[in-house]
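Chain naming follows the written order as A, B, C, D and E, and within any one chain the residues start at number 1.
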């Protein structure tokens, strides 16, 4: 209800700024904009004043200067002589790493719990709802700290593995669960290992081809070819054969207690595990609820209709219930991923060097460039969340049920 | 026409045999001592007040609900907890629900071909031909590539019928197929069902459409409180009900 | 009775004057060159096929929609973008919607007193007296302290009429007031409207209730494609329509 | 100006550590005590006349500078190392040095390590946002050995990590190590390695730009140091201040001669009150971290220049 | 009867079959167990695994609880008392009870004040949370914030009284002019409130010790009390802001709409931790030189902004769920924007949004523990800092963290149960 172009042709009066629907909204918007600009200007002016008083300025030059500190977990080459920018990149990758691992694990646990909450087994149902209620009603920070505390207080430290009658020993002589993290053997690729890897990749391609072929066979000839066991066989057998034929080119490097720590093998730091695990179980509690709601949202009539067409329960699940449930589940699932990513900034509580730990932590402190660092930090998270919501919109539009 | 249909198709072969069947929900006795023989080609209409167990009865036939006492034999197969038997019976018996229960994420055509492909292992091409055949029969071949949400209620119910037919059932069960529809649409669906009846399909139909019952049924069964209270040929049933409850019910239904 | 009502109340004073009014939704031309003069005390029924712009026309009169060309004068006030004028017109003109649009969180009485208190600044006590007066008039004084959700559709619509009347409008607009109602309830609402008509209220009513039109209208306006296609006294309009479209429409409506 | 703010407020907001026994930690009654706390109290006594008019704000290595820069605290006395960049780039004003220190390493005795050079592959607990973090990186790089940093925020967090063995080594200022070790159940099970890998002159600091406030803090600290040099103690300061004595510097310091207090914008008794608050530098040292305390630090570099140390207050003149 | 034939045999029942009990296998505990625990091999395995799991938990937790020691004053003593048995040192809770609840700086003799404030909070919340409670209890709810302020922060009672009088005066002035126009009312209200505060300022200045409780600076707040303060204050403050933002986002005026959209999306896009960093390290730069809010206040500002963005989204959902007809009916009755929003739209939209708002509140309450990351001593901060680091209790993890889990679980779980209850209530309301 705003503009009438024709009837009133009288001259403009000031009161029309408030009383005339044509101008009123301009007036309001102008006032709002003015207030906003004034507010911004006021804050900006304060900033300038305060910076001047403290003799500081805003500059991003520090990003190019050597960071000077070391980071324990780096996915890209980094030394204390690398720049603050590189340190931030290490942080970005660490954030993405824990977020990625967390999303996967949270999905697995969450889907399992959500499905089990609908199980017809009473005890399991009760256990699962206890799990969900306990985990989502306690702050995730508490879970992170508890898991970290378990590492510090309960698990044996490397020194406990030392000596002849050590208090702790390695599992299968290959895996060590220590208070500092988890050590496991790492593969070493010897000559000829390329062939094994290639065979393995080929058999994965083979699995896809097999499934493709099976669908085709069903569609074209009405022949139902089993895929599960052949896929499993295809997954393992060719690679194992190749492994022995090539003379076992891939060896394992076992972690070994040398000096202060275990050396060799793959090391997963306690801070990463604590953060990863806590974020996963916390988020999984929410995902479980989404999954449950999604499955319940598919009406019983759908299952019955499918059953009365002669379909077996697992087919009904795959062909009828899941495709519909997923549309309901995926949007909240993605926002849970987003939450998990944002919550990963709590890394700082256990000293995991994600972006909040590097750029927002040590760099900020050592350089004193608080404003600059926090602006960059926020930009990073903002970018992630914008990207994720854009993806979500694309998905929502793609799967929207067609309506009249 | 009704007379003609009756004479034409009923054979002596038994399609469904229910003996002394009882069912409880918890301790609530929903179906009591049901005895019923349906011959091949028969069209039976089941009527009765709400909660009398009509839906439960036909859902038992399809093993959507299990019964606790007595026996149900469909097409010579005894309905037991054996999965094989259940599967066999379900593929013999088609069912149409009150709320259509089409799969909203699949097109009309996919709705119709899903079960033939995955259960009957019909090649896709062939399944589509069959589906188009039945869609043509229910007069909506042109909607094949739309989604259920894009159709009217009457069209959706006709798709549901076509979907059942694609499995080539020998028996069709209908549970109030028209009660969720607007008046204009009821007719389209009933027409489809009449056509089906004329082809000799064995049908059990829960409905309150007495016109339909008169036109196509061989037999009307009246249920109350989980029991079969009265059964008779339609004309007799409507004109000369015997049981008090039947009379009361008919006076309500027809007066309305 | 219809004759009597017509003679009794129409005066020469103009209540609504619409000149050459046009309205677009985006680039879609919904109302085209509407010219209409409504005299005080006139009861006008607007009919026309769906989408012909009937609702849009009366919503323009109440400034719920803006028009883009031409002028609308209500009770001597030119409808312009001046908020003061809009407010004045809205408190002169009452409107009743198809879906009642009662406020579900307020009791019937509060629904009726809200606008008098806040817009007319009537003291609460007085507003309640007025409200009870009109609620009595629409025959539901005893429901005053219930919530809208507790009333039947017909009762709700009568509350909606009472609510409008509480603002003491000089003109009432009705947009298909009975089309969302069950048949039994339509009569109660139409009765209320007839009563209102008899008291000489100026009324513009979009409706397909041709009985009502015959009984109370001074004039029937037929719209199609955003234009006034034909207008006439009811008897003439129904018995002797001139325009092809009117004829077609009347044959559908009356045949239905 | 800060002085006016402090006077108007009636309390001095003083930033200290979140807890390092001997330097700053609340005792059983919740009262803060320690060597750094002594500086805060002396300033409060000089400025406000009441050594208890201090609001202690616990800060971590990370939060201390923002707390000071944002004005949340008036004075930061938190074993903070005077470095070029903190002084020049971060725009702070160090008002002096109250403890000459250096970075050391502490390891459990059972590891049998005797030199920092043997720490190859060790896991090291380190407080983030400190100079020690940077020194550590430099030290290991220079010696071309590897290590694994475990960043932590406060000394308190470091203790369980170190004691439970989640890190092999704990490194911070040697004084901090001594204080930390003193709080252990069995201090004897841990050794501080001989290497001191850096210079860590610790001192109180204020915001850049308020020279008057900086002067007050600087000269309160100098007064404490000079008092020890001149033999003025909390025991005799009352008497010495009652009447001008024969040492003109003491007279000027205690306000019985000259107008030093006035120049600072305070009254004549400012230094007397500061000394009475907790004693002169030597007394503070002995009481909080000296050899007779559990922490047991020797004066070492922190002896008066007259005794071979580095403490050297500019003259009160 | 099995020979019933359509063409020949009609059937009429003359005696009705009575209801019978189900066969034995169809009732009772056996059937229940068979259906719920042992239907099929997979379920049986699940049941056994679950039972084993429960057994493990119980057998390991029971002695721990049962042997719990409640009275020692340090971990060493406790270990001694346990003498090698498994058992919990709950004495850390008893000994540090006050610190866990109130932080370590709140004056000991004033503990009754926040405690009282807490219980009064429950009373004040009753009429808000329980729609059937007597309406005039809302008066107490309105007084509560001022009372709680006085109890917790102390100082002269004049300050909260003057503050309250300001609001009361503002309210009456608003009422007076509200009938003219909402904007006028608002203006009059603000002016009246400011006048009252200004005049009241002299009164407080004149009698700074009237009925004074010992003043406690914000910095000394800690423990669970701090979580409660942050939670309640921020939720309460974020509601009005959230409403304004939601209205703004629904507005037809593009500039206003975009301001709100950008604000909301920005806040929702960044983690709360970064906003707390802002409160902690950069907010001061944006305030006028010389002002110095204390940290609690800055944190409250940021958490409130954070919560208001989320609440705005919830309310926007409520607004969107309202049928258009409600807006039109209000318009056609001649109500202006402010009136229709206040009288018609908001009451309905808020009601729809209540469950969502409660969810935001629970989330926010959990998020208050993040302040421990910027070294404030809330419950988690106390545990991580002063308590775990103290020589006496260095190493008691399970008891302390178990306590934190317990406390948060109790509060959050009951709030979410409440919200579910309310949802059911609202679904049946006025029908």
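As a working rule, a contact is a pair of C-beta atoms (placed from the backbone, for glycine too) under 8 Å apart; a residue touches a chain by one contact, two chains touch by 3 or more.
What you see is a predicted model, and the numbers here were worked out from it, not measured in a lab.
Q: Counting one step for each move to a touching chain, how far apart are subunit B and subunit D?
A: Tracing touching chains, the least step count from subunit B to subunit D comes to 2.
Q: Starting at subunit B, what is the smallest number of hops through touching chains needed to reach subunit E?
A: The least step count works out to 1.
Q: Where the centre means the average of the CA atoms, what chain is farthest from subunit A?
A: C
Q: Tell me which chain's centre, taken as the mean of its C-alpha atoms, is farthest from subunit B.
A: With centres defined by C-alpha atoms, farthest from subunit B sits D.
Q: Between 0 and 180 degrees, and as a multiple of 5, what angle does the rotation take that fits subunit B onto subunit C by Cα atoms?
A: Rotation angle, to the nearest 5: 165 degrees.
Q: Grab the C-alpha centre of each chain and report whichever is closest to the global C-alpha centre.
A: Chain closest to the assembly's C-alpha mean: E.
Q: What is the distance, in whole Å, between the centres of subunit A and subunit B, each centre taken as the mean of its C-alpha atoms?
A: Measuring from centre to centre gives 50 Å for this pair.
Q: Between subunit A and subunit D, tell me the centre distance in angstrom, where each centre is the average of that chain's C-alpha atoms.
A: For subunit A versus subunit D, the centre distance works out to 44 Å.
Q: Please list all residues of subunit A that touch 2 or more other chains.
A: Residues 1-2, 53, 152-153, 364, 370.
Q: Specify, in ascending order, the residues of subunit C that touch 2 or more different other chains.
A: Each of 64 in subunit C touches at least two other chains.
Q: Show the residues in subunit D shared as contacts by 2 or more other chains, in ascending order.
A: Subunit D, residues with two or more chain partners: 66, 69, 160, 164.
Q: Can you name every pair of chains that touch?
A: A-B, A-C, A-D, A-E, B-E, C-E, D-E
Q: Taking the touch rule as given, give the residues of subunit C at its contact with subunit A in the complex, in rising order.
A: Of all residues in subunit C, those touching subunit A are 63-72, 78-84, 86.
Q: Under the touch definition given earlier, write down the residues of subunit A that touch subunit E in their complex.
A: My answer: residues 1-2, 25, 28-29, 32-33, 36, 43, 46-47, 49-51, 53, 119-124, 127, 133-134, 136-142, 145-146, 149-150, 152-153, 342-343, 345-346, 348-349, 356, 360, 364, 370-371, 374, 377-378, 381-382, 384-386.
Q: Please output the residues of subunit B touching subunit E within their complex, sorted ascending.
A: Of all residues in subunit B, those touching subunit E are 6, 10, 17, 19, 22, 24, 26-27, 29, 32-33, 35-37, 39, 42, 44, 68-69, 218-219, 225-233, 236, 242-243.
Q: Show me the residue ranges of subunit A that touch subunit B in the complex, using the header's touch definition.
A: By the definition above, subunit A touches subunit B via 218-224, 299, 301-302, 304-312, 315, 319-320, 323-324, 327, 401-404.
Q: For subunit E, which residues are in contact with subunit A within the complex?
A: Against subunit A, the touching part of subunit E is residues 35-37, 39, 43, 46-47, 50-51, 53-54, 252-256, 259, 265-266, 268-274, 277-278, 281-282, 284-289, 331, 362, 366-367, 369-370, 372-373, 380, 384, 395, 397, 401, 404-405, 408-409, 412-413, 416.
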